[in-house]
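Same chain, two partners: chain A is paired with chain B first, then with chain C.
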Partner chain A sequence: MNSTASASGPPAPSAGAAGPPSAPSTPSPDSPASSGSPGSRSSRAARRGGARVRTHRAHSPWLFLLPGLLITLAFNIYPFVATVWKAFTDARTLTPGSFVGLDNFQEMLADEQFWIGLRNSFLYVAAVVPCTVVLPLLLALLVHKNLPGIAFFRSAFYTPVVASVVVVGLIWVWMLDDRGLVNAVIKTLGFDTVPFLSDRWLILLSAMLVTVWKGLGYYMIIYMAALGNVPRELHEAASVDGAGPVRRFLSVTVPGVRNTMVLVGALSSVAAFRVFSEVFLMAGPDGGPAGEDTTLVMLIQRTGTGLSGRVGYASAISLVMFVITMVLLLAVFAAERRDKK
Partner chain B sequence: MTSTAPSAAPGNGSAPGEGTDPRRPAAPAPRRRRRVRDLRNEDGSRMSRGSVAVRYVLLALVFLLCVGPFLWQLSTSLKSPGENVYSDPPKLLPEHPTLDNYQKVGEIIPVWDYALNSLKVALANVVSNVVGASMAGYALARLKFRGRKYAALVFLVAMLVPAESIMIAQLTTMRALDLHNTLTAVVLPGCVAALNVLLLRNAFRNIPEEIEEAAIVDGAGVWQRYFRIGLPAVKGTLAVVAIFAFMGAWDDFLWPLIVLTDDSNYTLTIGLNFLHGTFSNNQRLIAAGTMIAVVPLIVLFACLQKYFFRGVGEGAVKG
Partner chain C sequence: MSPAQLSPSAGRLLRPASVATIALGTALSLTALTGCSSGSGGGSSDASGEVKGKITFQTWNLRAEYKDYFNGLIADFEKKYPGTKVRWIDKPADRYAETLSADAASENLPDVVNVSPDKAYPLAKAGALMNLSKDETAAKAEKQYMPEAWKGNEMPGLDGVYGFPWYLNTGPLFYNKRLFEKAGLDGDKPPRTYEELFSYGEKLAKKKVASLGTAPAIEDFGRYGVELMNKDATEFTYNNAKGVELLKKYKKLYEQGGLDGQAMSAGPEKAGEKFEQEKIAMNAGGALDLTSFKENQPQLYKNIGLTDAPNNNGHPNMYVMSLGISQTSENKSTAVAFARFVTNKKNQESFAHKVAVFPSTKGSLDEPYWTEGGRSPEDRVRVSSAKLLKKAVNYTPVVMTEEMKTVLKKEVSKCFLGQKSPKQALDDAVAESNKLLEQV
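Moving on to the complex of A and B:
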């Protein structure tokens, strides 16, 4: 995510605007030089400054941007702004509400469901992220060799990514049913039925399992690209020094893909914190026994929707969630930067 | 992290494809054997027969883990009412395979209407994203104008805000526009996704200046350049955007769940959730429903694999 921030930083090619005066090589015969990529920008700037070719009408860019900007402003930016100010009102679905200061946030502090939601969302991050950082890396190691038929396996491992979270959730609800396949196997092995979908902790654990399972293929593909960039010479050198496969994995592969591990960690921690569907399907709309499995997004959904939805309070929770998400992201990257030093 | 982005992007497109296409078709048995013998470990040493075997065993295990649940669901959906789906030990193959459940699930909920709704939403999402995001991306990448930086910033901010944290306000907005409980409302918030705008902007940026300059000299207007030079040059990224727009809309759950209240407008995922809540004791029907929802996407994936893999790289790096 940050990468986009940094990717959009450099463009600022309005540098071209500063180009014309400082570039005396105005005439067009500089075309041979312009074939070199570093020179092309300045040469173009020079040409524009010199010949003043008009490339488009003043309003054209805005026509191009109109649909995208309109949608983004109306259905993303405006709702974000609205969320911020509604968080300080007592708005409901059918009434706009009035300003109530920090009431919503005070209520939140005393709201048991909020703390349960916060706890579960954080538990989700704590349990899911290590798995999604490590397991897909191992999987990528397994499939990045060109064994015959490997393409088939890669595709197969990606199948859960393609399926809807609802499909995946329902498949596992059936798998983990008291009389489902998993419990049948467990019984065959001589153990008691495990109440995956009725015990409050097991429900959460099952949902986490589904999340990890669904993400395996996705993060595997990300890791595969990174593995290709680990120089073979390092492996050879380590091998000559007598390092076995495990040792090489820890001291060559892992450092080689650590940037990608941070990226995966960031992506999956934000995704895990926002978990909704898996828990919603496995625990039910009310969040399992006594609502103990409610996550933060489930709470927002339950509080803010419906005809009597408490839009103000739900917005306040949303705002808290947004802030925590940003802090999570910053924390991941800050930790990474500190590690590097 | 900043360094990950550029390094991961190019590699990702090629890495999955590399092993896929060129070698698979022509691989008679003897050549294969030779290839296995030539496989090498990371350090260049030859991979032993034993370790190749271990790899295949592991691959088979993971295969079972990843695909097995789908096959179990498929099997359940084909089991006839007379067959005990809870049998102990479980029967992996249906005794008398039947499509009855697919017909029955259509009698209980209008599952085919829901599928049509999902299809409409998905196609609308594809068209609007391809058109809207490529236009905006083109302007941001290839046209110089005052305010460009701010326009780009709008998309960047929109991309960083998690959808879940603004969904209540989006719902309020839809109510204000009297659009809630319509398929239009399902499509609108994501119909020109900021991520896609930024992806396409990056793709358009890679077009060499000289080509466009030549077109300008030849008198091509901005629309002509967009259609004749821009779009053909970013076909690959457009395909990725289209496929992920389709998949995203077809699979989406939370937003349609809160914006659709009338069961005649449900999309397939919401219909399945309803089925799960109401007929949770009939596993065969739910299994049939989930198969209806997932098979089209698996077919799509089977046909267009490389774009799915590319999309992961581009989406992950930028998103």
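Moving on to the complex of A and C:
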């Protein structure tokens, strides 16, 4: 998950821009050769002063990058390349396997569980993303004004984010059980027991609720920062023009945080498409009755692990997921760009 | 995604080019199925050397309850063979297969490792376990054990035996006497056959008590007398008339309300939980459960009855636990000596006295402890199980992978939900499993 966040963080200032402003405007004879290294400007500046003091060598920046690069290579790039390769083999957890061409992908087309997983993952996106885009914004509006004691509510809304998803999931499983807290309340009110954890659609719905509930606080924080950037004058001008709170929300607040909404939409759709823990806990390792609640990541976990896990097939599903995720993101941003025009 | 790393203005900074970065990052983090290797590089050649040096011994979920027994056992071994050192590790019951596959893939399988035949099969196939029949020192141990138990570690399609037989278990059935009596059943007459199980289930269901917490598994088909596979273990056959008959009965029980609401998605752990919460009247358990009930649920313990799992053909299921030797072990002599020591008659018997399991050593089941016993329910069950064990069969086909078990579960659920007839469901399960089996 970290790779997502770090990739979308603000870009670090480039090393070249950090050079001293006194850099010469006339190119020195050796500039074509040395301009590639980030340190060239400062070393030239130093040489003009007369002394040949090298503050660092050309490879110095790489030395600083090395630990990060190695970690990325070992834990991101290598597994990714290995997954792509294995998608075309019949590898198992204990045997390396051999090249089988597109067999895995052909099998996927005929695999009922794959289509169920695909359907559930898309259902998850369709149901969860609108909620995680809109609800946290409303929540942020609720708590972004500095009222006495508001910090308590902000922290309270954020708590589910900090809690472990497994712990939270288990608590919900207990509450939603046939004889759990929620059903006890429903029974006291005189209704029939609701089979939250045994009906295939209700299982999925329950898991979605947990995902939304757990994500609210996180996206709320993002929205709170964005709300601070909406100019107050616009709100004042709108009030003077006679706009009520609803009108101001739709015409001032929403356009002001639209970019953030796109970001939240992108992040939550990727997260929703990859859902695992909540559904795994609610539906059990086999994906609920007749495997009807399996999501794609659950299917990857189920087929690719264990002593006879089919790593090749699981890798092929991963590859398909990668492509879908990519398309999903491109679609979100394409919609955003069209909006701007 | 930690919030600290995410600036709220990032939305504005995202250019389409960075979309690819996000997608790539995302995919990278989810495609963490790493490479694996196999083969048998390294390791000492055989077990004929001196018994000396360090080895690692891995058990399967035994530390919590039997720490003292194993520490004593290891101390005895180290005293008997000076200069040896045994490092004991214990892994939880959940995800044990994942632990084994990760260790085997990195050639770090513990020297002596606790396996069951279905876990030993893929390991043996990948060359991660030592073939005991091919090693002179190890093969000598054969006469130490009951012949059926020794044969229990033969693997179809592979030559030889891949584990020292350790403890045996028939898989007892726990039942809740309080719930039985609520439905007008005799708390001292548990069901013995599947016919009784289903008729009891109907009576319990009338009082809104669910009998079982899981859908039928492959062992149920075996105990019912269904031929599970052909002789060469190359094809599944449980879709025969007998198998369909059993599924029909289960479906009826499900429709009567005799199965817990979550039975279709529950595994053994979930069913165990439901039994502890007195939400189901019967549960097939492990022998280790009784100790845990005694300590954690004294209220329930008083009401627990223990019997053999219902059985239609006189051959109960036998769960075999074994000790495998890692092919990559640097110290096979000590590993084999230790595995033989743990599974010798004296040590197996003393372990079986502590836990409600049975020794696999020759002649042990003829000892008075397993033939006479006292009058307590545990004693009676122990004696009757020991008698049955002599005719027991390990039903779980070793070639049946977790994926194939999931296939069976899925099709059984479809039958329960009315999407398929019992015959169609089993036909489909067998067809899909056979397809998977071909790929192995």
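Assume the second predicted complex is superposed on the first by the 281 of 341 C-alpha atoms of A that agree within 3 Å, B and C clash if a C-alpha of one lies under 4 Å from a C-alpha of the other, contacts with A are read in each partner's own complex, and residues count from 1 in each chain.
Going forward, a residue touches a chain if its C-beta (ideal position, glycine included) is under 8 Å from a C-beta of that chain, and two chains touch if they have at least 3 such contacts.
Please read all numbers here as calculations on a predicted model, not as lab measurements.
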Is A:S308 touching anything from chain B or chain C once the two structures are fitted on A? First, second, both or neither. second
Contacts of A:N76 with chain B and chain C, given as first, second, both or neither: both
So, A:V297: does it touch chain B (first), chain C (second), both, or neither? both
So which one touches more of the residues on chain A, chain B or chain C? B
Name the contact category of A:R232: first (chain B only), second (chain C only), both, or neither. first
Chain B versus chain C as contact partner of A:L319, first or second or both or neither: both
Contacts for A:A163 in the overlay, against chain B (first) and chain C (second): which applies, first, second, both or neither? first
Taking the superposition as given, does A:H56 touch the first partner, chain B, the second, chain C, both, or neither? first
By the touch definition at the top of the document, which applies to A:L142: first (chain B), second (chain C), both, or neither? first
If you stack the two complexes on chain A, which partner ends up touching A:A335: first (chain B), second (chain C), both, or neither? neither
Pick out the shared contact residues on chain A: the ones touching chain B in one complex and chain C in the other. 1-8, 11, 75-80, 82-83, 86, 91, 93, 161, 179, 218, 221-222, 224-226, 229, 259-260, 262-263, 266-267, 270, 274, 284-285, 297, 300, 304-305, 309, 311, 314-315, 318-319, 321-322, 325-326, 333
Okay, in this complex, where on chain A does chain C touch? 1-11, 75-80, 82-83, 86, 90-96, 113, 161, 178-179, 195, 197-198, 203, 218, 221-226, 229, 259-264, 266-267, 270-271, 274, 283-291, 293, 297, 300, 302-311, 314-315, 318-319, 321-322, 325-326, 329-330, 333-334, 337
Which bits of chain C are touching chain A when the two form their complex? 1-3, 5-14, 16, 18-38, 97-98, 100-101, 104-105, 119, 122-123, 125-126, 128, 261-262, 264-267, 270, 277, 279, 401-403, 406, 409-411, 413-414, 416-417, 419, 439-440
